[in-house]
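Per-chain residue numbering starts at 1, and chain names A, B, C and D are given in the order in which the chains are listed.
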Amino acid sequence: MITHDRPVHFEDVDAAGIVFFARFFAYCHDAMERFFDDVEGGYVNLITVRKIGFPAVHASSDFKAPIAYGDVARIEGTVTKLGNTAAHFRFLMTRARDGALVATMNHVHVCTDIRTMTKLAFPSDVRASLEKHLV
Amino acid sequence: MITHDRPVHFEDVDAAGIVFFARFFAYCHDAMERFFDDVEGGYVNLITVRKIGFPAVHASSDFKAPIAYGDVARIEGTVTKLGNTAAHFRFLMTRARDGALVATMNHVHVCTDIRTMTKLAFPSDVRASLEKHLV
Amino acid sequence: MITHDRPVHFEDVDAAGIVFFARFFAYCHDAMERFFDDVEGGYVNLITVRKIGFPAVHASSDFKAPIAYGDVARIEGTVTKLGNTAAHFRFLMTRARDGALVATMNHVHVCTDIRTMTKLAFPSDVRASLEKHLV
Amino acid sequence: MITHDRPVHFEDVDAAGIVFFARFFAYCHDAMERFFDDVEGGYVNLITVRKIGFPAVHASSDFKAPIAYGDVARIEGTVTKLGNTAAHFRFLMTRARDGALVATMNHVHVCTDIRTMTKLAFPSDVRASLEKHLV
């Protein structure tokens, strides 16, 4: 399991005064990068040097409570399924100050050669890093 | 049904060179505002004057093809269910240049008093505007 | 001179309820792309096919009045100086509903090979397109 | 002087593959909030409880080197002038991995009642916090 704290930035809210719903997905993407920390150079190296990316093929979220500027989103993430080319991630987001459940999210990302945008079997080091968080 | 064309902006891509997945949800939110066009002053007036907002309680997307800078996302949206306080929206996103399916999305938004963040039954003018797009 | 209308998006505001100051620069970048409309395929083709970009080397803005969700930013842009590799742009942003001056901005962008990130003399078609807006 | 490290996020780049110039201003805004750390509750409390904000009236940047995904922007900020209602900030941004100068920025922000959007003399605790960083 990975844990990631993301303070709400001044510009993350919308005209209703709460964090814009689309940004929750970006928050989870930040957290997702932690799953790759055991790969040498991490997610950054995969993207920029090895040209291996993980585009989303599915993302869903149930929003339970709003968060606003001043809050910290606490994200816990696990890998729930690991196929040959696809990884299923589950995120639980709570509000750090009181533990209130903010959102639950399920994402499916596919290992991809980003030069050709074609699927790729997980390289063994990537698989090993993800397996550590498999539940 | 509403239709909304959204050109990909220069800054909408990510380090993999394609539109960042979280932005698809923002694109659909732009389209969603069109459902409220029959309300006087539109979505803007609801938010800024009447203080009625529509936070998402659920959002899901299946991503079928990437889009990049230079593409135009064409979004068709319908209302699939209309309860007392919740509206279900369905969006179909295609790539304008070739009609390729980019994503299908289902969002559920709840009518809310944004001063108190409590649920609100749809005002009759809002309901009437949404019903025009109900399928 | 180019003119570009940009409605404030729902997510463009900040926790103070007005358009976040950094976004004004993005609004002007959208407008800036219009200077290249006489180039075949426009700014998009320059970036994605010819790999010619125009990173900013200077950007400054004086902010005169805030804008909020519901406003439309009207941007008028001119080219104020055209060197061998650098172009100076000036933008005047007003609020469409009442003509109030919102901001004046001066940007300097340099013609660049984005594969090597080295300066490039303006290709003749790019220069011709920019010269049309030179004052 | 405040120091703030900001890793480039996956979605901060543009279609030219480098951090979008408008985002540098947002990076500096994150850093700017540190100037208010001696105020009880910090910048967050000023905005959300006391309804005191600091809209920019001027922002300028000279960009010296691009940064990309994988880089960390290191920002050093000082207060260069403190008037009755306006504060002048200077930021120096370097690339953490090699110390290369990325940008120098000068911002002027005005103390403002964000309910009425009118100027406000700095409250004494705000002035005291800013004075610590005055050079």
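In this section, a contact is a pair of C-beta atoms (placed from the backbone, for glycine too) under 8 Å apart; a residue touches a chain by one contact, two chains touch by 3 or more.
Worth saying up front: this structure is predicted, and the values here are computed from it rather than measured.
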> Considering A-B alongside A-C, which chain pair is linked by more C-beta pairs in contact?
Replying inline: A-B
> Between subunit A and subunit C, what is the separation of their C-alpha centroids in Å?
Replying inline: 33
> In angstrom, rounded to a whole number, how far apart do the mean CA points of subunit A and subunit D lie?
Replying inline: 27
> How many angstrom between the C-alpha centroids of subunit B and subunit A?
Replying inline: 22
> subunit A: which residues touch two or more other chains?
Replying inline: 10-11, 15-17, 20, 22-23, 26, 29, 47-48, 68-69
> Drawing the touching chains as a network, do you get a line, a ring, a star, a complete graph or other?
Replying inline: complete
>> Please output the residues of subunit B touching subunit C within their complex, sorted ascending.
In response: 9-11, 26, 29-30, 33, 43-45, 47-48, 68-70
> Residues of subunit C touching subunit A in their complex?
Replying inline: 10-11, 13-17, 20, 22-23, 68-69
>> For a test of understanding, state which residues of subunit A touch subunit B in their complex under the given definition.
In response: 15-18, 20-26, 29, 47-48, 53, 55-64, 66, 114, 117
